[in-house]
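We call the chains A, B, C and D, going by the order they appear; numbering starts again at 1 in every chain.
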Amino acid sequence: MAVVLGQNNYGKSRVRLVQVTRHKDRHDMKELDVAIQVQGDFTAAHTKGDNAKVLPTDTMKNTVYALAQGDPVVDPEAFALKLSAHFLDTQAHISEARVEVREHLWKRIAVNGKPHRHSFLSTGDERRVGIATRSRASVAVEGGIDGLLVLKTTGSAFAGYIKDRYTTLPETDDRIFSTVVASRWRYAIPDSDFGVLWREIRRITLETFAEHNSQSVQQTVYLTGKLVLDTFDAISEIRFSLPNKHCLLVNLAPLGLENHNEIFVPTDEPYGLIEATIKRT
Amino acid sequence: MAVVLGQNNYGKSRVRLVQVTRHKDRHDMKELDVAIQVQGDFTAAHTKGDNAKVLPTDTMKNTVYALAQGDPVVDPEAFALKLSAHFLDTQAHISEARVEVREHLWKRIAVNGKPHRHSFLSTGDERRVGIATRSRASVAVEGGIDGLLVLKTTGSAFAGYIKDRYTTLPETDDRIFSTVVASRWRYAIPDSDFGVLWREIRRITLETFAEHNSQSVQQTVYLTGKLVLDTFDAISEIRFSLPNKHCLLVNLAPLGLENHNEIFVPTDEPYGLIEATIKRT
Amino acid sequence: MAVVLGQNNYGKSRVRLVQVTRHKDRHDMKELDVAIQVQGDFTAAHTKGDNAKVLPTDTMKNTVYALAQGDPVVDPEAFALKLSAHFLDTQAHISEARVEVREHLWKRIAVNGKPHRHSFLSTGDERRVGIATRSRASVAVEGGIDGLLVLKTTGSAFAGYIKDRYTTLPETDDRIFSTVVASRWRYAIPDSDFGVLWREIRRITLETFAEHNSQSVQQTVYLTGKLVLDTFDAISEIRFSLPNKHCLLVNLAPLGLENHNEIFVPTDEPYGLIEATIKRT
Amino acid sequence: MAVVLGQNNYGKSRVRLVQVTRHKDRHDMKELDVAIQVQGDFTAAHTKGDNAKVLPTDTMKNTVYALAQGDPVVDPEAFALKLSAHFLDTQAHISEARVEVREHLWKRIAVNGKPHRHSFLSTGDERRVGIATRSRASVAVEGGIDGLLVLKTTGSAFAGYIKDRYTTLPETDDRIFSTVVASRWRYAIPDSDFGVLWREIRRITLETFAEHNSQSVQQTVYLTGKLVLDTFDAISEIRFSLPNKHCLLVNLAPLGLENHNEIFVPTDEPYGLIEATIKRT
């Protein structure tokens, strides 16, 4: 059997950008980081060291800055679409370009209760995500959330599960539920109102987490996805990847104390990981 | 010259705690992590392997949970004071206990515009800090902020500095200024209104950052400290440690484009680091 | 269109284990971390909150310890196979189990030039990886390397590539090439001699990196994969994911100095990322 | 009471450098990162925004590259001495310069059993450290080790300690002892043979860890320091900061299994932290 080149792709990751838009009465600011991956006819580069069809990843980085110039990024999805189109439009041998744009979220600093015109405060590790995967035949656009850390102190149970010889976990009808939401949704059409949908899906995610009387992470995930799809025709599918940030009840009995479900140790490892896609038939 | 034991201390770090307080109409929640270090008569442990005077760090960890039980933590400073007192009160050979309590900050999830009664959202990497350093003779209490990431798009200059043969940095009267505030302030008396002071120092820090027309990080740091000390007699000293999160203007000229002070690369390294203490005479 | 549950899976990640095997003349030690993901009939858990078919991830964690007990892990692949078999053998409704075992690498401390019988030194961030993906019909076994950080100071060029309006990168016939190797190979049959193959593939990877006169990361990747497949019939396919850890030549001209290809800045971001699969026809 | 500027310092951190020295038969390579902090007459910068005495941190960064050019770094300590001298020699208003140089450690890749002439492999997270703190009156030089991760499977006990009402830790005469050595030693004179001393102190640290029958981390720390000072007159003092990387015995009894001191969970938090200085009278 001969040895051949299979699936291959390359590009630039962690292209970071702060874009300032200087209005008369205020400045707007976006922080983004961009990852680009292309596929195409790169066999000669691999097998012969012939770079004639290789667009350097350094050029991809420059392209991010060039295409941002003079055209303020509003939605990560739209910037991902624009970048992916550029690579296919200018490079005939590229068959697919995948661009992922991650937005770091900032809000204005309040001074005397009013949002400041040019000063900002990071809102943490949460990212808004936009992804375009474009081939010669089609383009898929996804939105997403990463790093949304939440915790509820009640309204979460876990019971009725399988017990085998290695089971030691006690059933509970009242536990802490904490997770870091990572989600990706697919837009039915590539020119949706990305910003509105992101805000609404984020709102549904938070409100469902807060209000739902959860029997498991799985149930909450499914309900959230179902609500998103029931509410927005523009969304065709949503995926979740949720780590269970376990908060363990501390056993205070050996210390001569009772723990009335109040004192917990949050732990980072090991962690449960629950992943599901909710889609339309 | 004989070899001897010099300065030594030991303790437990990263003791993590989530404390839930279950009110009828709502739950309160705190996430803390605690670091304890003690000094005292530990020579025999070092030189003879005699542990008769060693309180295990595992016991220190248990003590954090025991002292939190039934007494909801409000201010990190107060919990640090309580823990440090416990170790000196119960261990005659301990001469000093330093306890640092870091609060991870959460806010309530809004549901239909109203704060939810038991569901929370992390506000990011910022930490509120309380430190008690207690000896047999005295106790010092500090408050602090870590991880407060801010950025302003104008109102910052850097010019008029020394030029030597290795200087390449161009002077600028309009640059981005971004930093991660770490500050520690010392309370004049150990029973101050910690929560109010933390909120007010944080407000002064943010407002000064936003409003001050900065000639350097040093000038902004000094002004912030001066405002804090001018405003609050209860604060005797404040220190800052500020990394300069450089945002570099991208040179678009080789791409045939102009950069009207709009496109920047944020960088993590190398970084300037500016540290200063502002105090009373 | 109705809303339905699509692809879903769950399990436990970062189950950490140190296993000590106490021989008369020496101790052996392994450090592993394990991630388990299962698929199967979990619709009711998602749609009804019915956990009757849910094996808790806590039980999966316990199972790792139980199956390690009394049976020292030698190869990560074999432990992954054993764990994946357990879940399919004991849970009729589980259709697929994927187990990834990562080995942290240690070597013995040398004392008077001889390997010590029970004391060890970490060799860094490199990991040996073994993965079993088992369904009712078949099992796939993969080996892998993560975190193998290498650098060569010459023997790497990058030239002859596409230039477009955004290209600024100069061609070079002598650059630093540094990367962190991540690779995964698929065994043709599930009972290969995993340890020998891991050592040999690692050796080929390092020697090819060192010796090959590279025209691009792509060319080095392909050659490495081809050599592995040409040498070992037991390997049916190998994938690489290589970040280009760029070392940029410092421009010393403004400082009145020449840089004879000697002074570089290593950078973490942005970074090129090159991925390819080499396989048999 | 007037508000005044107290202790202040500033500089550049994480200045990264790869230096290649191209010999005929082989290349040498060093990876370093450098942090510089200076003190001096910087009051006007803080209080008036007057930068006339401010050497930009960007210039400090350039100086690192300029002083490395043409003069291959051998010992971190020597490069720290050279850099610190430069700042005091060229800037009359700087009263103290502290330079910390961290060396990332690499070894040559073996090809056919022989060290390759220009290809290298990282040896992990361990760093060799050199620090010079230079004032107008004196200079202090320190060497150090960071990130040396070790583990022994026996030869470590912990018993005979204080028990109080919160103690739950069982005494043990045979536990795993794992730590990440961080140490700093002070040279009696600033022109010691830094490389030889670093290698020897590292050897003593590893061999003592391996061979010593430890009653506590404290005892091992003290013994290591004593051996270093007893062996080398050139070292006047050594400090250690050792986290206890706890490996907890897994309770297999609920799973119907025995754990013959073989199955452990390594944990990152909470962790004991033991710090001590060993010095001469």
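The rule is short, and it goes like this: a residue touches a chain if its C-beta (ideal position, glycine included) is under 8 Å from a C-beta of that chain, and two chains touch if they have at least 3 such contacts.
These numbers were taken from a predicted model, which means no experiment stands behind them.
Peer 1: Looking at A-B and B-C, which pair shares more C-beta contacts?
Peer 2: Between the chain pairs A-B and B-C, A-B carries more contacts.
Peer 1: From the centre of chain B, which other chain's Cα mean sits the farthest off?
Peer 2: Result for the farthest chain: C.
Peer 1: Interface check for copies chain C and chain D. Shared numbers divided by all numbers used: above half gives same, below half gives different; which is it?
Peer 2: Result for this pair: same.
Peer 1: From the mean C-alpha coordinate of chain A to that of chain C, what's the distance rounded to whole Å?
Peer 2: Computed value for the inter-centroid distance: 24 Å.
Peer 1: When the centre of a chain is set as the mean of its C-alpha atoms, what distance in Å lies between chain A and chain B?
Peer 2: Chain centres of chain A and chain B, defined by C-alpha means, are spaced 29 Å apart.
Peer 1: Could you grab the centroid distance between chain B and chain C? Build each centroid from C-alpha atoms only and quote it in angstrom.
Peer 2: About 37 Å, centre to centre.
Peer 1: Tell me, which residues of chain C touch at least two other chains?
Peer 2: 16, 62, 66, 166, 168, 255, 268-269
Peer 1: Show which residues of chain B lie in contact with chain C when the two form their complex.
Peer 2: Residue positions touching the partner: 165-166, 168, 254-256, 268-269.
Peer 1: Where on chain D does chain B make contact in their complex?
Peer 2: Against chain B, the touching part of chain D is residues 1-16, 35, 37, 42, 45-59, 61-63, 66, 90-91, 158-162, 164, 166-169, 214-219, 221-222, 225-226, 229-230, 237, 239, 243-244, 268-281.
Peer 1: Chain B touches which residues of chain A in the complex?
Peer 2: 16-22, 27, 29, 31, 62, 65-66, 68-70, 106, 109-112, 116, 118-126, 148-155, 176, 206-207, 209-211, 247, 250, 252, 255, 257-267
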